[in-house]
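Supplied in structure tokens, the structure appears directly below.
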Amino acid sequence: MEDVDDKFLKKNKEVPLREELRPRKVTTPDGQEIEIEPLRDYFCEAQPKVHPKAYSKIVEDFYNWARSNSLWILGFGTGCGAIEMRPLMTPRFDAYRYGIQWRPTPRQANLLVISGYLSVKTLKRAIRAYEQMPQPKYVMGLGSCTINGGMYWDSYNTIKRLDDYLPVDLYIAGCMPRPEALLHGFMELKQIIRKGEAEGANKYAENFAQYKANQKAVIKDWDMPDYNW
Amino acid sequence: MSLRDVLSPFTAWKHVINDPVTIKDPFSREASDRYRGFHQNDMDKCIGCGSCEEICQNAAIDMVPVEGQNAGPGDSGLRPMIDYGRCCWCALCVDVCMTGSLTMSNEYTWVDSDPDAFRFVPGVDAKSWDLEPKGYQREDERRLTGTVRAPMGETCPEDRIGNFDEIVDGFTAEQAIIEADRCVECGLCVATCPAHMDIPDYISKVRDGDYEGGLQLLYETNPFSQACGRICTHKCETTCAAMHEGDAIAIRWLKRSITDSVPRERYFDLIQKPDVPETGQSVAIIGAGPAGLTTAYDLARKGHQVVVFEALDKPGGMMRYGIPEYRLPYHVLDHEISVIESMGVEIRCNMRVGQEISMDQLKTAYDAVVLSIGLHQGRSTRVPGSEKAEAAIDLLRRITAGEEVPVPEQVAVIGGGNVAMDIARSMARLQKIKHGKVGVTVTALEELDRFLADKEEIEEALEEGCDIFPARGPQEILVDGDTVTGLRTWKVDAIFDAEGRFAPKYDEDDEMVHPAGMVVEAIGQMADISLLGAELTEQLEWNRGRIMIDADGQTSEPWLWAAGDAVSGPDVIHAVADGHRVAVSISRMLTAKREALQ
Amino acid sequence: MFSFSPDRSQYPQPGPDGKVEVDLETGKYLKLWHGPNHPGITGNMSVELTVCGDEVVEGKTHVGYLHRGFEKLMERRTFIQVFPIVCRVCVPEPDFNEYCYAAAVEELAGIEVPEMATWIRTLILEMGRFNSYMMAMGGISGALGLGVVGQWMTYTRDLMLDRFEELTGARIYHMFILPGGVRAHLPEGFEGRMEEVLSTAERYLADAEKLMFHSSVFKTRTQGVGYIDPALFERYGVTGPNARAGGVAKDVRKDSPYLVYDQLDFTVHTEEASDIYARTMVRFKDLHETIQLIRQILKKMPKEGPVMGNLPNVLHWKIPRGETYIKGESSRGEYGYYLVTDGTGYPRRINVRGPSYTHAMALLEHLISGTNISDVAALMVSLHTYPPEIER
Amino acid sequence: MSEANKEKLSGLTTVKEIMDTATSFEVVARDFYAALAPKVSKNIRWLVDELAEEEQGHVDLFTKLANDPKVSEAMAEKIQRPVADGKFSDCVQVPDLGENPDDQTVLQYALMRETAAMEQYTELATTAPEGPLKEAFTFLANEEAEHKEELEKIYYEIVHSGGV
Amino acid sequence: MRELLYRLKDRYHFGTPTFQRDDLCFVTVKRSELRAILTELRDVEGFTHLTLLTAVDWIEEQQFQLTYMINNREANLTLALRVMLDREDATGDTIHDLWPTAATYQRELREMFGINFPGSPRVDEEFILEGWTDLPPYRRDFDTLAYSQQTYHDRPGRETHDPKTHMQKVLYADYPKGAK
């Protein structure tokens, strides 16, 4: 481990908001002049909420059992690990038999797999995708990069600890993890869900301000609302 | 659009009747034999050199102290802790591992919801894959750092036997760089070196071609770098990380290559006395060997006045009178001592303390006295007839001093240490010069592989025509009238018992007589402490035959320090280390004394 | 007969500079983000489409989602430390990076590579090409709704990954071609197992051929679509199969043979149509050529010999000042490493010339205007681009 | 070998007498070393002191043994005279070490003594009847053997210092 | 290759060429002549293919080196032209009209090295980075490790020991090391 190098100091400049997102006056096609504030007007402003448990333990257990058996993964390959998802989707490893499938949109998915390193640019999209997923939802981190920066530990453009920015329920070691290791991870996640311990999304809602602060510290051109639901 | 193009896609349906290709149980699927999975580390083999940490481009490895692994010779006691939040399983750490202790299993599954869990010390933190034999191992010996020592030129036996010229050529600049390049700079050797020289640092100077910087670095820890570059016992090389697979780095020769590469006269520019005020205090040092002169060098550089009393003709001690010229040429030693003298050290030769000047006189005239008298008396086996034997150490001194020594056609040497080799090879040279042929027999109690002499010394002695009889116990020196005729020995069945203790067992039936016109005893040496006088001997505290000293080299007398072979056993570099230690202690005392006066 | 073609007379017409004046305020146009999270995208990149109806008026490629700053990271790693990270530059065909980097270092440091190692390197590169083509075939068929071909191709690719695993010790990032040679010999019985994979692959390819090249749907969607004018090839730096599909019989393996390609027999396949069909066809034929090459290599390669040359101590390995460029024919075209050294233990600069760089940026942006939205995915896949090598 | 010592031995037939001689042997040795200590140079006095201490340890041990009720019962038994007897008695007498013996001489002398004692006790152990007495002699033999090995180690370290 | 340079050397100023291989040559040209040389090589000498365009930061000499690597596909020759730019005011000349694909390279150079190419399409748009406010990252004076340490957090709790100093501490802390 090298000590923090302070000979070089990074610059902390603000990035101005893109013009089309600034509050301004526009003329509508029918000639009216209205004031718009795109970030407020175009998005829902709701804050994330803690997903309540069912009123009875038996029902909650049933829910958890059901959830654990329908892990729908958002088909968003954020890093190298995505290449090992393909074999899982195809007959040889066939993850579908375990109730796991890939969905093209966050609205239909409840598991976000961060497949390795996240560049700042992708982190922004990943946060957005995550926030758009319906609750209850889970995050899985693949490989070294999501744990402590991996081999891009000294890169200016990749984050080091995924749990700074998103609540992670499970990590899989490897660079990159094999399909079998991924399956192991899914099975483990199922166990966690069944025990009712996959509380990442609730943690996110509870510590929302903290997560946002971390996210905004690295994503400098924050041009979206605080919560992308 | 042909009909064929419409119909042919339907041929895919034939796969309906095929067996599925799905892997039934993907969870227990084993990875290939070479798979680079999770790490394993053999605790017995690992030496904690940190090469794995050095090569890791992900900063995934930390060297950490672990329970049950203690630092010791050739083992730092540290072990690699691997962060699987960094690792990329490239296995460079396995490839570079100096001992082959670090390997990889073919295990690949590790899931955890705690991100801090992915950090472990392989071999210490128990893991399910610790004993897995499959997994990545390098195909042959390590290949990322050189394993073979750069060749060293030396005079062939035929050419060297007839003279006392230096044998070893020393590295050429290219050879030195190639050899220095092999060093992984782990620094394990530094702890082993009695003087704790900055070995990796000066080796890196060789690699960079900065010989002058290297020389200054050498002199920081050793004013006898030229001598040590030739004749050091180089214990450092026995703890070199490179020796586990391949040859140890030729540390000694690299040191020599620095000292040889800097022109003689440049030494005086590079090694200058620091600009310190004179303290007006003075120290007497008895014996101009490595310990005494190192003390003198250090003290003179601190501004003290130093006088060294030497009983013999010339300074150098055992380096001059014990070590033959073919190993350490006198001009090298002269130059080395002249550098020390340039610090303002005064050396008075032919001043035998106890005769020319007494200890009491020294005590009153100087603020401190250092006893560095070495081991200049030879031990005798005291077998019958041994009174007719020569002591190796006397003989060597006489040869150095240029005295006439008897050179019979056949000489028997008793002893298996370096002194035995030195006298055997010196006598061989004299025989070659006088008789044109070599006739030296070396006998020793030990088996050849337990000889105390360096391997090279033994090999070179054999090359030069000396006969070595290992495991022979001397029983009698045969004498006919006044002349020695031979040496009678018994076979030694075992010299050490099961616990490794000396317990010689002889086979009395296996008797040999080695004919010889001279028998030389080279079994051991002791200090000549007669100079102390009975009174001082009685005053001093002793520790098992040696003057008792504390960690700083001070004796029980507040004005007297002791250093070198006489207290630490025979070893030049040890003597140098003693010298430094004593110098610091004396200097501390003198400073305190000065401050008390002010 | 019913025509599939929409009436495009209502659509905006290009101005004299060939560009359409896009004014979003008119309400005629829509901005559509294709990616980064989109099933029809090749990897993690995105194309910002401006569409009018279902026709793309303008497309801008956005990359950088996978940018790790490799070229910067390499500058602060020693020559051996660069070795594990180069393969990450291109995920589906990492071996080319390893080879190009190793060869560049060997050239500047003057290191001899044993013959055995060059054969194994060639084998590895061809195995990588096989995988990459398999992905491309699966990709194009998937983009056109032929899911089953994608499944077959992924399966056969996975069989090849098993061979990679037993040879190199890893599935995806092999980290096998070290500067100086390769890490190990072939394992026992490798040839036989490889032959099984190859014959399985051939079986599936025969089926795939029927589903793709003899399918009326596939033909309709690909023939004449995504045409690249061969005159543009040189202006846009088009190489590899994309250029060969337009009749340019150029292949680095043939033109300036590296490794042992001069000892191997193979044909450079070309097509004339320069459309998606032709590009897919060239890859399909080249895939067969690759299978044939792997067999040939295994047959011709020496049975024993050292696999590593002599390296200096890599912990302080310095390479004299110099610069070089090493190129090879990857599955996507000319792949190259530009290495500049300055006499220190670290590279001064490494620049990776990935074929996707030119194909997915300027060329794609040029081709995409005027296409139908439904063809965008197929067009992109047909160019066979891998985003990680664009932005590195 | 002096006549007086030979005589001393010839009459021995009971265990008790052997024990007495053995004790006196150790006592003589201890006294010898104790008397030698001031005579030698201080730098080797440690060696002589150590030897004296070791012998004193044996004297103590013998005394303890003799007071052991089990051993004292067996004392009356008669046993065969040991074969190695001669060597044993040889060493009881004080050889001439000279005015100012050096470490090597002292060691050689001590080694000779220990060897003889070891052989003696071994012999006694073989002839002694099964029981506590035999154990006692075996123990003593081992003691002496160990001591001898210890001395040999010291001898090797001091005399055969390797000679670098 | 040698004949080619020989042919051209009367009209243009070349530095000393480096013939790295038979088919690869590096040569420094003047920035003012670059365009003319490239055009001539492309149109007359058959170097029709722009292999790559990149920069090297020679910060010690306060210069950027632009490398234009062009390839003659018929003869299989690669020629790399180096153009040295002043690092302070780094501006190059766009060649996107000669090779449209150069626009991408120039965008990257603008972003990663801060070398401007006025007139090149979309050259000022963000290319790979997003919201980047620091030094252009490929410049040598940009320290990626320091930036990373100051921006992204390490997982705490790691500590390493140097074998040499550790052994000194454990085994011979008392020895007056470096007694001078």
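A, B, C, D and E label the chains in the order they appear, each numbered from 1.
One rule holds for everything that comes next: contacts are C-beta pairs under 8 Å (C-beta built on N, C-alpha and C of every residue); 3 or more make two chains touch, one makes a residue touch a chain.
Note that the structure is predicted; figures quoted are calculated from it, not measured.
Engineer: Can you list every chain that touches chain A and also touches chain E?
Structural biologist: Chains that touch both chain A and chain E, as defined above, are B, C.
Engineer: Could you tell me which chains are in contact with chain C and with chain E alike?
Structural biologist: Expected: A, B.
Engineer: Compute per-chain Cα centres, compare each with the mean of all protein Cα atoms, and return the closest chain.
Structural biologist: Ranked by how close its C-alpha centre lies to the overall one, first comes B.
Engineer: Between chain A and chain B, what's the gap in Å when you average each chain's C-alpha atoms?
Structural biologist: So the centroids are 59 Å from each other.
Engineer: State, to the nearest whole Å, the distance from the C-alpha centre of chain B to the C-alpha centre of chain E.
Structural biologist: Between these chains, centre-to-centre, one finds 48 Å.
Engineer: What is the distance in Å between the mean C-alpha positions of chain D and chain E?
Structural biologist: The computed centroid separation for chain D versus chain E comes out at 88 Å.
Engineer: So the centre of each chain is just the mean of its C-alpha atoms; given that, what is the distance between chain B and chain D in Å?
Structural biologist: Averaging C-alpha atoms per chain gives centres 42 Å apart.
Engineer: Which chain C residues touch at least two other chains?
Structural biologist: Each of 64, 67, 69, 72-73, 76, 84-85, 155, 173 in chain C touches at least two other chains.
Engineer: Which chain E residues reach two or more other chains?
Structural biologist: 128-130, 137, 142, 144-145, 155, 158-160
Engineer: Touching at least two other chains at once: which residues of chain A meet that condition?
Structural biologist: Correct list: 1-2, 91-92, 121, 147-149, 151, 153-158, 161, 175, 178.
Engineer: Can you identify all of the chain pairs that touch?
Structural biologist: Contacting pairs: A-B, A-C, A-E, B-C, B-D, B-E, C-E.
Engineer: Once bound in the complex, which stretches of chain B touch chain E?
Structural biologist: Interface residues on the chain B side: 48-50, 53, 61-65, 70-72, 76-78, 81, 83, 85, 115-116, 119, 186-188, 190-191, 196, 200, 220-221, 274, 298, 301, 551, 577, 580-581, 583-584.
Engineer: In their shared complex, at which residues does chain C touch chain B?
Structural biologist: The contact residues of chain C facing chain B are 77-78, 80-85, 148, 155, 162, 165-170, 173, 175, 180, 183-185, 187, 207, 210-211, 214-217, 219-220, 307-308, 311-316.
Engineer: Along chain C, where are the residues that touch chain A in the complex?
Structural biologist: Result: residues 27, 36-39, 43-44, 64-69, 72-73, 76, 84-85, 88, 91-92, 150-151, 154-155, 158, 161, 171-173, 388 of chain C touch chain A.
Engineer: Hey, which residues of chain E end up touching chain A in the complex?
Structural biologist: Interface residues on chain E, with respect to chain A: 128-135, 137, 141-155, 158-160.
Engineer: Which chain A residues qualify as touching chain C in the complex?
Structural biologist: Interface residues on chain A, with respect to chain C: 29, 74-80, 82-84, 86-87, 89-92, 104-106, 117, 119, 121-122, 125, 129, 151-152, 154-158, 175-176, 178.
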